[in-house]
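Look for chain A in each of the two complexes below; its partner is chain B in the first and chain C in the second.
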Partner chain A sequence: MIDFSVLQQGLAMLASPWTFLALSAGLAGGILIGALPGLTATMAVAVLAPFTFFMDATIGIPFLLGIYKGAIYGGSIPAILVNTPGTAAAAATAKDGYALTQQGKSRKALELSLYSSVAADFIATLLLIVVAIPLASIAIRFGSPEFALLYLIALTMIATVSGESFLKGMIAAGLGLLVACVGLDPMTGYQRFTFGNTDLLAGVSLIPLLIGMFALSEILMQLTQPPSAEDRKTTAAEHGGEPLSWTEFWALRPTILRSTTLGAFLGSLPGLGAEISCWIAYGVARGRSREPEKFGNGSLEGLAAAESGNNAVVPAALIPMTIFGIPGDTITAVLIGALMAQGMMPGPLMIQQNPGFLFGMFLVLLVTNMLLLGFGLLAIRWLKQVTRIPPTVLYPCVMLLCLCGAYAVNSSTFDLLILVMGGGLGYVMRRTGFPVAPLIIGLLLGPGFESALRQSLVFSNGSLTIFWSRPGSLILLILLALVIVVMAWRGLTTAGIIKKRFKRLTSPSQKH
Partner chain B sequence: MMRKPLTSNPLLIGKLLTSLLALGVIAIGVSFLRIVHGTPPPYGAPGDIGSAAFFPGLVALLVTGLGGIMLLVTWRANANVVFERGRTGLALIAFILMVAMALSINVLGIWLVSMLAVPLLAVCFGEQRWYVLLALAVIPPTVVIHLFEGVMGIYFPRGMLL
Partner chain C sequence: MIRPAIARTLIAVSVAATSALTGAQTLAQESHLANEPIRFVTPYPAGGSHSLHAGIITAVGEDFLGRPLISTIRGGGGGVVAAAEVARSTPNGTMLLFGDPTINSLRPQVEDLPYEMDDFVAVARINYSPAIFVTTPDQPFQTIKELVDYAEGNPNELVYSSDNRNGFTFTVFEMLKSTAEIDMRGVELGGGGPAVTQLLGGNTMAYAGDPSVVGEHLDAGTLVGLCVTDTERFEAYADIPTCQEEGYDVVFQFWRGVMAPAGTPPEVVAELSDGFERLTQDEGFLRLIGQIGSGVQFLDHEAFAEALAAEQAALGAAYLGE
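== the complex of A and B ==
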């Protein structure tokens, strides 16, 4: 039955001029940051998250959602104009987008990128709304064993898909869980690993650590591996050429729909972000295309696939976050941190306690699409100059924002140490091929996973049968086993073990 | 015959660095295990589900084991652990600058720290024009600090000098 008070709350949130202003500011800022090469969407959300702590949740969260959506789209502008993706999610966009620019069709490329992004985002948001409500009613019935298994599935998936090495992913997730143990024990209240430091009683401050790991480490990475001289020489092409015609856009609808579905599915799985989905959507579109030879040489299909593939991830990544409290990617991990700072815990509790806010958030996502269309058209015309800001000016300013943002969380200089340590750790991890996402998500899920696991074992007097004696937990256990089998298959294939055997088995038939 | 320097073999450097990292992971795991097992019950009873040591004990054991596997895997013949080169020294200098910034903010205050750190990081990035450095020392700190203090009501340490 429809609860009208929930609808009213959601509509009231949307109708507030402050929400609208925050959303617009976030969107404009997100496009601007996304268009700056080297500044990632995660970094943008992490650095600007402290600003929302002083706003009401109905203003602060739309602001962050605007940044998220704006930054993912904004990354495509420098990718098309100067062959430098503003964000990693726009890497596939650069292939055909820049080729179109070189052919004097930059206007067509930019318009197609915008329309594909808006269409994909809109469809994926509708999907989020349709899927979230029935899934939420299931999530409310979950008990501790189901949640323990769900967290384990999420951690296994994130550890295996977010990096090149399963082992490094598992170690990173384990380290995240260990860091999450610092502070008071969630069940007994004992102090753990605080070494008598009162600043650590509430655990390691999440936001300063996130800012350090994503923003400071990026600054250090940019210092270590600066863009090549060739990249710097590339100048922005003049904005021009013919506009995109309706016939051209309409002909691309199967590609956009297919890439959106793919992006939405991949985005809803924990650990797979826009950086991966854009390439998968691009690859599938190439495989299904009648003109695959055009891909990489200015194919409109390729550009539409890459853009709809990465933008569909944004609403889809909110599915595991809102329903189960599990971040879909690193950006939603930061969003969870911001929601927690607002006193809200995403997951079934939020659905029960703040349904109006959740409904308002869904409406905000839909409105963001319409605003993105307007802001995008403005950005296409005026944002070219932004890509020319030199790193010598940009990164010192980002560092200052990181410093002030991290301090603002608790007005504590101890948080600055966490910020710097996070930056150092993030840098070492990135240089040595350790994925950062499993550590962050391990840190976020740690307290919930520990509580769910210990509660389950306490209920069953230490017996593990609780994990398969309930129908819900049995289904999740089977799912976990499937995830492990698929991931092991992937690992063995990557290592070349399965391929060799498979080749040996299939070699006689290939001769025919 | 001239001996090849160690830095000319990226695979060996990669293996050595990865081993060092694996040892670091093992060290972290062992330190957590030591604390968990070294603390008297009721906290330090990793075998007891109700104890606060149960979960960290389990995870620390897992991390230590994975660190050990990583150490072994690194020295396999076909292990791909090539370390990508880069300007690590410059990044280290910038990191030291960041640590100094975090440690000295209580003493020097936000104004002095930001007016020194921002242009110094720009120098690390290769900026040499004095007027750009001067502008960086004045404009970003003024804008950002006033934004936080004036709009958000966050007051930063003033230090001993101001």
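== the complex of A and C ==
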């Protein structure tokens, strides 16, 4: 299949300095956009795509790819530094990343996030060059029943992010699912919990709520419980702490490989994005970890899993797009428009008609990674200083950016109200020991799960047999059962009731 | 290195902003439009035919309207969310809906929605397209007659990809069901993108959609065309018969048109209509529209308003008269 003219065409695309320039500009802009809370990769690509209609394809498309990649990485920066995920895909990153910053290890966290992002992206791209076509043909057979089960498996991750109290985690997740129900019923158009408010027809906007729950609640926490002056002095004096050592990073390779594979698979399924894969990767990493208790308190494994899980999605989401012309998420939907305007129809004919371009695009993806590493390292040199900014200056700035970002999502003032309410809710939850992550997961997965479930039941005329009568759904159902059994087993044995009680009974003198 | 790059971007952005501003100022003297960008609202999720058309219109629209067009993709409720939002926006031409027959003619009559048909005024019809009934090459039926026979032999066994309740695909399948007197089951998947995916993946057996969504797959042979819901054959796929030729009276022309909230001053509507007319005559626009397998059948605000009123009356009679 590979002939030399194709290779040449692909390489020619990279030989142009303009391609590099476009890529760099896109990447730098993307990192900035991703780092600003509320400004998302989707929005940036959607707004800038029309400008590329009039550029050469070898400039316009790399520019957009640069933005896409940069923005997904950029979202992790504020998540680590100020507990404010710049994009929804970085919500899992905030858990351990911010904990590391609080321990004065922000430099380590930033470096790890960059290295795992780049590594995941690189591995996923290489993986996809090899298996793109077989993977895509599996992905397209996924129907609503499989998606419903996949969403259920993702929902079990709530157990891994619930922290100390599983009950509180379940309550938070239930609340998230309830909030996700607000708006128009996806199949009948019936209004649910809108109380006649037209702003609520489209549901509670996710990004403003997310920003509120993380950023605003963090600011409220800082206000009511300011860290002591001494604490601050030690963190500031260390200039962001030590760099990440090679041995630390090398030890994480199984975590990164596992999360990358997961992210690449999930990303190739149309409709599942980085927002979901980061949590699944995080949950799986915790399940496999030798130190699960560290998760949420500054675990390097947790951070690496979340970041490699969300970045592996980027190349994978391009698969359904280039092979079937079906967008994997909203960003790739916009990219399809940009490609079409260049006279290229993504889809079954593209590989035949424009093999050189496709090959060039894969090369561009690999080169983008190298550039991302460079840009990221430069950015970290400055960013690690953020922790030295006094909170009295830093937090008002963060607040202002958050409000702008929340407004920019839909240009809706109602979203500002959602942000403030999310902040209040987040603060109350944190003060009463309710974990925030299950709520976010419930909110993210609720609508997708509902649609997939109800569509499946239409397929089967209301019969539940559809969830085990298809080979794909049967495999996923078994997987779901396994996940639940393993989780319950671990819960009972490692931290569990039976052994502990037994120990206490036999040797009451032992320390407890 | 990062700082110069950002600075460059900022400079580029500010240069673009200044030139846009001066351009707008010169135009403002003879224009009735508000001196701000126009939000062009697509009521369906990204990836379907609406968002493809909107992407092209908003990319080249500024030159003809004198204002930047901002593409806003606002899916949800099969278009209701976006329609309700535009209906209650300030009627000064700064927020426009990229409407269609289901949102503007059918659903307000048969459902209880947070907006009325009269909440909108017609600005310009860009084009219309018929639906093409399609299936995959491995299904037991390869013509529309065979599909009907199959559905007769296996009532309620034929599952097809639908879009939304009372949507485009939904409506043409309802028409086919009632003229051919057959029973089939539709799964509402929310839009053309997911609907085609499920058909290609073998989870559903048929679909009817816009040529810009199914055309690529017809070319590639991954989908087979059954019939076209128009009075004449579709030029690019002239080998596919019309449904009428095959003996099923299913005609539904899915127009895409620009709607403004009711109360928009007539001179603003007229100016917008002129702008869109010039846009649809532009060579670059026609080239881009051609690339997505679509064309232009422009109607200005007066002609469009007439056609719309006739369609609303006809659909009202068909659905409510029964």
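Quick note on the criterion: the second predicted complex is superposed on the first by the 273 of 512 C-alpha atoms of A that agree within 3 Å, B and C clash if a C-alpha of one lies under 4 Å from a C-alpha of the other, contacts with A are read in each partner's own complex, and residues count from 1 in each chain.
FYI, contacts are C-beta pairs under 8 Å (C-beta built on N, C-alpha and C of every residue); 3 or more make two chains touch, one makes a residue touch a chain.
On a predicted model such as this, the values are computed, not experimentally measured, just so you know.
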{"item": "Touched partner set for A:458, first chain B, second chain C, both or neither", "value": "both"}
{"item": "First (chain B), second (chain C), both or neither touched by A:401", "value": "first"}
{"item": "A:431 touches, of chain B and chain C: first, second, both or neither?", "value": "first"}
{"item": "Partner chain(s) touched by A:75 [first = chain B, second = chain C, both, neither]", "value": "neither"}
{"item": "Which superposed partner A:188 touches (first chain B, second chain C, both, neither)", "value": "both"}
{"item": "Which superposed partner A:142 touches (first chain B, second chain C, both, neither)", "value": "second"}
{"item": "Partner chain(s) touched by A:334 [first = chain B, second = chain C, both, neither]", "value": "second"}
{"item": "Overlap of the chain B and chain C footprints on chain A, listed as residue numbers", "value": "51, 185, 187-188, 411, 458"}
{"item": "Complex contacts: residues of chain A adjacent to chain C", "value": "24-25, 28-29, 32, 46-47, 49-51, 53, 140-144, 183-189, 191, 198, 201-203, 270-271, 320, 324-327, 330, 333-334, 336-337, 340-341, 343, 345, 347-349, 374-375, 378-379, 410-411, 451, 455, 458-459, 461"}
{"item": "Touching residues on chain B, where the partner in the complex is chain A", "value": "17-18, 21, 25, 28-29, 32, 35, 42-43, 49-56, 59-60, 62-63, 66-67, 69-70, 73, 83-84, 86-88, 90-91, 94-95, 98-99, 101-103, 105-106, 110, 113-114, 117-119, 121-122, 124-127, 132, 136, 140-141, 144-145, 148, 152-157"}
{"item": "Residues of chain A that touch chain B when the two form their complex", "value": "51, 54, 167-168, 170-171, 174-175, 177-178, 181, 185, 187-188, 190, 192-193, 216, 219-226, 390-393, 395-397, 399-401, 403-404, 407-408, 411, 413, 416-417, 419-420, 423-424, 427-428, 431-432, 434, 450, 453-454, 457-458, 462"}
{"item": "Chain C residues within the chain A interface of the complex", "value": "1-2, 5-6, 8-9, 39, 45-47, 51-52, 55-56, 58-60, 70-71, 73-74, 76-78, 80-81, 84-85, 88, 111, 113-114, 156, 159, 164-165, 185-190, 193-194, 196-198, 200-204, 216-217, 219-220, 222, 288, 291-292"}
